[in-house]
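The same subunit A turns up in both complexes below, where it pairs with subunit B and then with subunit C.
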Partner chain A sequence: MVQDAGGSVEANEGIEESDRTANNPLVSMRSVVKRFGSILALDHVDIEIMLGEVLALLGENGAGKSTLMNILSGLYRADEGEILFEGKPIVVRSPRDAIVRGIIMVHQHFELIQNFTVLENIIIGTGSNEKGKEKSVRKEVEKLAAENNITLDLDARVKGLPVGVQQKVEILKALYRNPKILILDEPTSNLTPQEVDSMLSTIRKLAEKGYAVIFITHKVREALAVAKRITILRNGHVMGKFSSSEVTADSLVEMMMGAKPSSNLESSSHTSPPSAEPLLTLSDVRTGSSKGRITLKDINLTLNPGEILGIAGVSGNGQKELVEAIMMLRKPTHGSVRLLGVDPMRLSTKEIIELGVSYIPEDRLDDGILPSMTLYENMVLGSHDIEPFSKRWIMDRDAMIETTRDAIERYRIYPPQSEARVGVLSGGNIQKLLVGRALLSRPKVILAHNPTRGLDTRTTDLVLRNLVAQSRENGAGVLLLSEDLDELISVCDRIAVMFRGEVVGVLDRQQMDRYRIGAMMAGGATA
Partner chain B sequence: MKAQQSLVISKLLPYILSFLGVVASVGILLALIGKNPFEGYRILLSSSLGSPGSLSLTLLDFVPLFLMALAFVVPLRAGKYNVGNEGQFLLGAVGAVTVSFVLPNLPSVIGIPLLLVAGMAFGSLWAVVPAFLLYRFRVNEIVSTISMNFIAYYLVLFVTTGPWHNPLVGYPQTNQIGSNYILPSLVRTPQIGTGLIITVLAAAIVYFYISKTPAGFELRAVGANPRASLVYGIKSNFVSAMSIVQGAAIAGLAGAIQVAGLLFSLQYGMQGNYGLLSLVPALISASSLIGVGLISFFIAVIDTGTSALQGVLGVPYEIGLLIESLLLLLILLAKGYGGSNR
Partner chain C sequence: MTSTIADFFAFALGVSVIYILAAQGMTLAGRTGVFLVYNEGVMQASASAGFLAAYLNNGNLLIGFAAGAIAGGLFGVLMSFLSVSLKQNQFVVGLSLLILAEGAGNFMYKAAIGETFSPPSVPTLHGFQIPYVSSIPYIGPILFQQNPVFYASIFASILIWYVLYRTPYGLNVRAIGENPRVADTQGLNVHLTRYVYTFLGSALIGIAGAYIPFFLTGSYTESLVSGRGWISIAVTLLGGWKPLNVVASGLVFAGFEVFSVYGQLLGLPVSSDFLLMVPFIATLLILIQVYRNAELPQGLGRNYDRESKID
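Right after this comes the complex of A and B.
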């Protein structure tokens, strides 16, 4: 039940006065319920937001953090519950209703116009780009940036700016709209550790300046580092509210996940016989240029049996091109490749798959699925024409469904129906499907590009465990490309760092240091 | 159970309404030109479904329509629009008469299968050009297959006025094919022929191919997402180019059946409106071949009925076309409405 603002103003007039006093929340969300179809996304959630402090909303993917904030910022409407602004109930029907009260959300996916300059992006839609106002507007933006310790080149085109910088443009753009409450949805994803530190310090300063900042995150460490108060969400419920000084990281993780985090994956480190022939060798591999794509420059890499080789790098530094070159989806123009004892240069992608290479593509919608086809048809894509799924030119539906049922059970794919169309699956469930498909047969080489993106902690753990098992027990070589440094450090035997199409260094376990890798990812250092 | 029933009703309702819309507008049209609408309805139905004879006329119309729709559906499942099925149909007819004139004395047991195969081969060959252009140079298949249609019209004109021209008719038309090449009838008068059986058989093979074989899987996979298909080892460009050639074989078969089962000669303009009409069942019901068959039959009923209206009531030819067009628009409207409701 969302109350009507007009009717309730009078009734609450008494409260208004007392709410002006310090320590009362600027915004309270009370008993908020949100359903998507039959799924209860938020179940009577209460939160309080104060001026001048950072509130961390901590939870796993799908816990309801973004849904809750989308309600506050007017993108969704609550099914039940109320929002009190300065003690008075308000109705937020649209983002405009939120913006006029100073509630601004910076979304996880950037909404910047790539061909515009930083300044143009900041002032867009505010009417500040009228003739004659340029100078004063520029001064205003510069002042705002300086006040908040944000350094930006206002005349740089957004296209080509590092992700961390783009995130700051988004924040400055939000600040220019004169907010009281700034909602940041996972602002540190895709950032190098150095960029993360800088982002966290920016966030802290925003709170010191008097803004109310809501920091949506699933990273406990960052929540503890920046927030004064932490509210934990799990499955649409508030699991607890804490002052960051009174909790430990371990207890937060436990509340977030509902169970003790599984034991460390690192323990099972790899010792491969040094004599074994590598499964994959790339020597001086280059690729030709094509629009919008990075060209690989003299890549040298080897992948040994039983080894997990990580590829670290900020997204878009040649990782996709690298796996596509191995899959012969993007033929190298120079250099040589040796894959499972053969020269794959003249092989088709199909023949490479048949050699025993499986691929989890990064772009799951474009490269991964057949949206209008069923789960079981998607599950067999790539092995659809071989046994057991095809016998004598006829496909065996029962065999496909049986295999799919196993994967559904193992990876907890929802909806659990083999006949469901894949187009209706959520991103996380599509990811589970891709992982299940890649590990269907016993692959000898696994190219896994962001295989855990969008998965909850438990499934992430399951996927990583499966990858580790494939390498340790079956001797498969795993090329794990990931933007999550913690994930790479926890499972990889070696990590190669890519920057602008080059491998700028390969680190073994003793050399793995977050900041060192971060510096290499930013192009600042070599191994 | 109840929910399921109401779902079926809500899905069918737009179609029922659009059908009633057609009936009403036919009545209004007839009334406007001074004819009795109810007399019109009676003639429309009795001349298409009312007797074994009229049903056979409808089925004769249904055979090429359904095959042409299949010729469009197969490439459509791979995401390609084979608007050239008309030209491929004509080439199939050219192939059929060619066999009958070049090898006039073959016994039927060999001759008729050969004629049908020639029809499919000629139809397919006609599609090789657009398929190659698509595969090699990514030339849009809609443009290239339409262009091939125009060449086909003139090729038919050339053949029907050339050495095989029948001098007894004042129209571009070849001599009759030998009786050894004529498809046997199951029922003698009126003809309900082997053509219908071949058509049903062809539809069954297409169904089996699309839904049970790995090649059909690849066809659908490419239609669903060519990029993902490529990533998982399917040669997407080849599959989509080949789908046009496969569809063309069916169109060619339709042309050959039309020659051997109904017209007994190659005639200029024999493609009628089959090309355009076939798009409707294919586009409405691409995912279900049974649906394609039902809608093709429905269109055949209207097509046959409206041409009888011309004969009996003296309704102008254009009114018949108008009714067919209205029907198509309303069916598409119903589909759009049903689609947005799902």
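Right after this comes the complex of A and C.
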């Protein structure tokens, strides 16, 4: 039925206007092709957008969802294909062309200027030639916020606002531009479950008010909850278009991934925490304050052999500082740490790594890799000066390449060439390389900070399986810091929740509940 | 002694014009995200262009300043073309243009004048006696007998501040310097704005360059700028790319420069070589303290490519 509507503009040209307006798309994108260098990002994609309803664009990372919408909003230009607006072809050369037609996109990585206030961010690029209108502009924004049940301090600086609040600023900023079509790119990432619910209800209300809302997501559950129609993209192709009432979550996942979802990770056996000495103990750990960083407050945690301990929390609540304190990149000012039977306070980070600690950093581009060096050099980095990669001060290139080949196969790294420069890899492939490197030396303690961010479902699954295997088979302790609650709940033995530098509670498996954890993440409850 | 103090401050204000104009030029470009580093060379080229234009027009300084501004602006266009359009590294482009400009300035002068026993000269700028207030003791000679360019530079600074910080248009301009992608997605023209502001900023740097012979020497020499271009970068850093703070920091650095001159005149018991180092040492000490807390435009020095996938 939906596909009929898309084709109707062309086919039913002769039929009376009144019959078609209800089903006529406001915008159709037809046969859109986009290449980035040699990579085909979109291959003849068609979609239709209707007023007054939510369209979910569902697909994995790299499926082409954002690229498609970046074309509609004028940021990218399509190599082929056309865009019909109210039935007439239009050319969108720049974001301005899209904005004047009421096509407004809220990007996934917040497009807010940190040094500006909320109000300044909202009015950027609007009314640029009018002076002295500050008061009326402010009133207008306040009214708009009230209409949409958004409460915001307009004079607060964006820098330092919680992610959920920044998301509201983004929505208000978009609404202030009088949109007809509102494109929201993964608007629920980094939100607590409560915030996700309120975001989804906001989205539904916007559609009821008559906006066309495009909801880009990789979360099937959210797509089904909010959208009337769902279009699935995979590898730059449209895999199907459905009305949300006629599909099941399982079939959507299958179409998204191109394969049946593998058996659930939860089924992997959880051994009860052994009575052996903990691998890692933090007692009353505090860190000093420094500009722009969270101060850790009296952290008490233990990590046992064979255990996966999750750290949940909205990003920026001390997760990075916690990892840095364990790695002694940021020395605790108070309290004590015991790591693999020793006091690491006087050890250097290199010595800590040599103890058997392995670290998958959060910021893969800055902290993780050397872009101009080859895959195999990056793969063995850190253990390149010991056997089997070096013998008597001479590096064994063949051993390095062989190890890298194994990792390429195991983690499906693309391109599969040991001698390719890492700079050409996509973010997801760099992440796979980093995970492979971290697990290479069979570490006893693994600190994994958002190890699956930006990975598609299959690779996420692969990475989590490898982490689980390290703990179940090799008895390693895994500290898994993640913003994805589903991921934490599926693999962790216990979950500690962080809020503003404190551990506000540690939950074991029976206590794990999305909403309960969400409330704790927002600082609203304790264990 | 008292008149020496008044002289000191009056002279410092006169010198501050060089720093204030050059630093406002950097601020203009910097607020759109273009980091200019070529002040030293561009000031030399525009000092040469400005001096020659004035000299060949019977000492008409207005024509001289216009020539200086055009010379500076031309380098601004080159800078924009290479960095904004061709997306070459801003610092590499800036340093290359610096060397080019320095050579061009000296070459133009040699081609037009050649080697002379005593260099040709133009009349220097006159103080402008503002009625009534110029006769107030101390304050009058310091504040109200300056040359017109001084007053113009203060006025320009206030204007720049007003436009950038008090108008919606200025907010758009600053948004481009903070985060060009945000600005682009809001429909602002990142490249055009960067071109315009790099041009205007470089023209201001050019006027600062032309001011040196017209205020200080009346003639052109190969080492006319002698480090002032570099110090003007420090002035901008100290001022944090904020127009009003830039005025204050320009005054501070002018004070250091004039102090090193007066120190020699007054016969301070210190080596004159050391006194000449004073402005540079001050620069170093101030910047070490200031730079770590500076709030710079977040997109400063970074080129913008709309279709680049890496954020």
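Everything that follows uses one rule, which is that the second predicted complex is superposed on the first by the 498 of 527 C-alpha atoms of A that agree within 3 Å, B and C clash if a C-alpha of one lies under 4 Å from a C-alpha of the other, contacts with A are read in each partner's own complex, and residues count from 1 in each chain.
Just so we're on the same page, a contact is a pair of C-beta atoms (placed from the backbone, for glycine too) under 8 Å apart; a residue touches a chain by one contact, two chains touch by 3 or more.
Quantities reported herein were computed from a predicted structural model and do not represent experimental measurements.
Three-chain overlay on subunit A, with subunit B and subunit C fitting side by side and no clash. In the superposed model, A:L381 makes contact with subunit B only, not with subunit C.
In the superposition on chain A, contact is made by A:L329 with subunit B only, not with subunit C. Contacts of A:L370 after superposition: subunit B is touched, whereas subunit C is not reached. In the superposed model, A:I99 makes contact with subunit C only, not with subunit B. When the two complexes are overlaid on their common chain A, residue A:H107 makes contact with subunit C while staying clear of subunit B. In the superposition on chain A, contact of A:I353 is made with subunit B only, not with subunit C. No C-alpha atom of subunit B lies closer than 7 Å to any C-alpha atom of subunit C in the overlay. Of the residues of subunit A, not a single one touches subunit B in one of the two structures and subunit C in the other. Put simply, subunit A touches subunit B in their complex at residues 327, 329, 348-354, 359, 361, 366-373, 377, 381-382, 384-385, 390, 393-395. Touching subunit A in their complex are the following residues of subunit C: 167-169, 171-172, 174-175, 178-179, 181-189, 295, 297-298, 306-307, 309-311. If you check the complex, the residues on subunit B that touch subunit A are 212-215, 217-218, 220-221, 223-225, 227-235.
Listing the residues of subunit A that touch subunit C in their complex gives 36, 73, 75-77, 94-96, 99-100, 105, 107, 109, 111-116, 120, 123-131, 133, 365.
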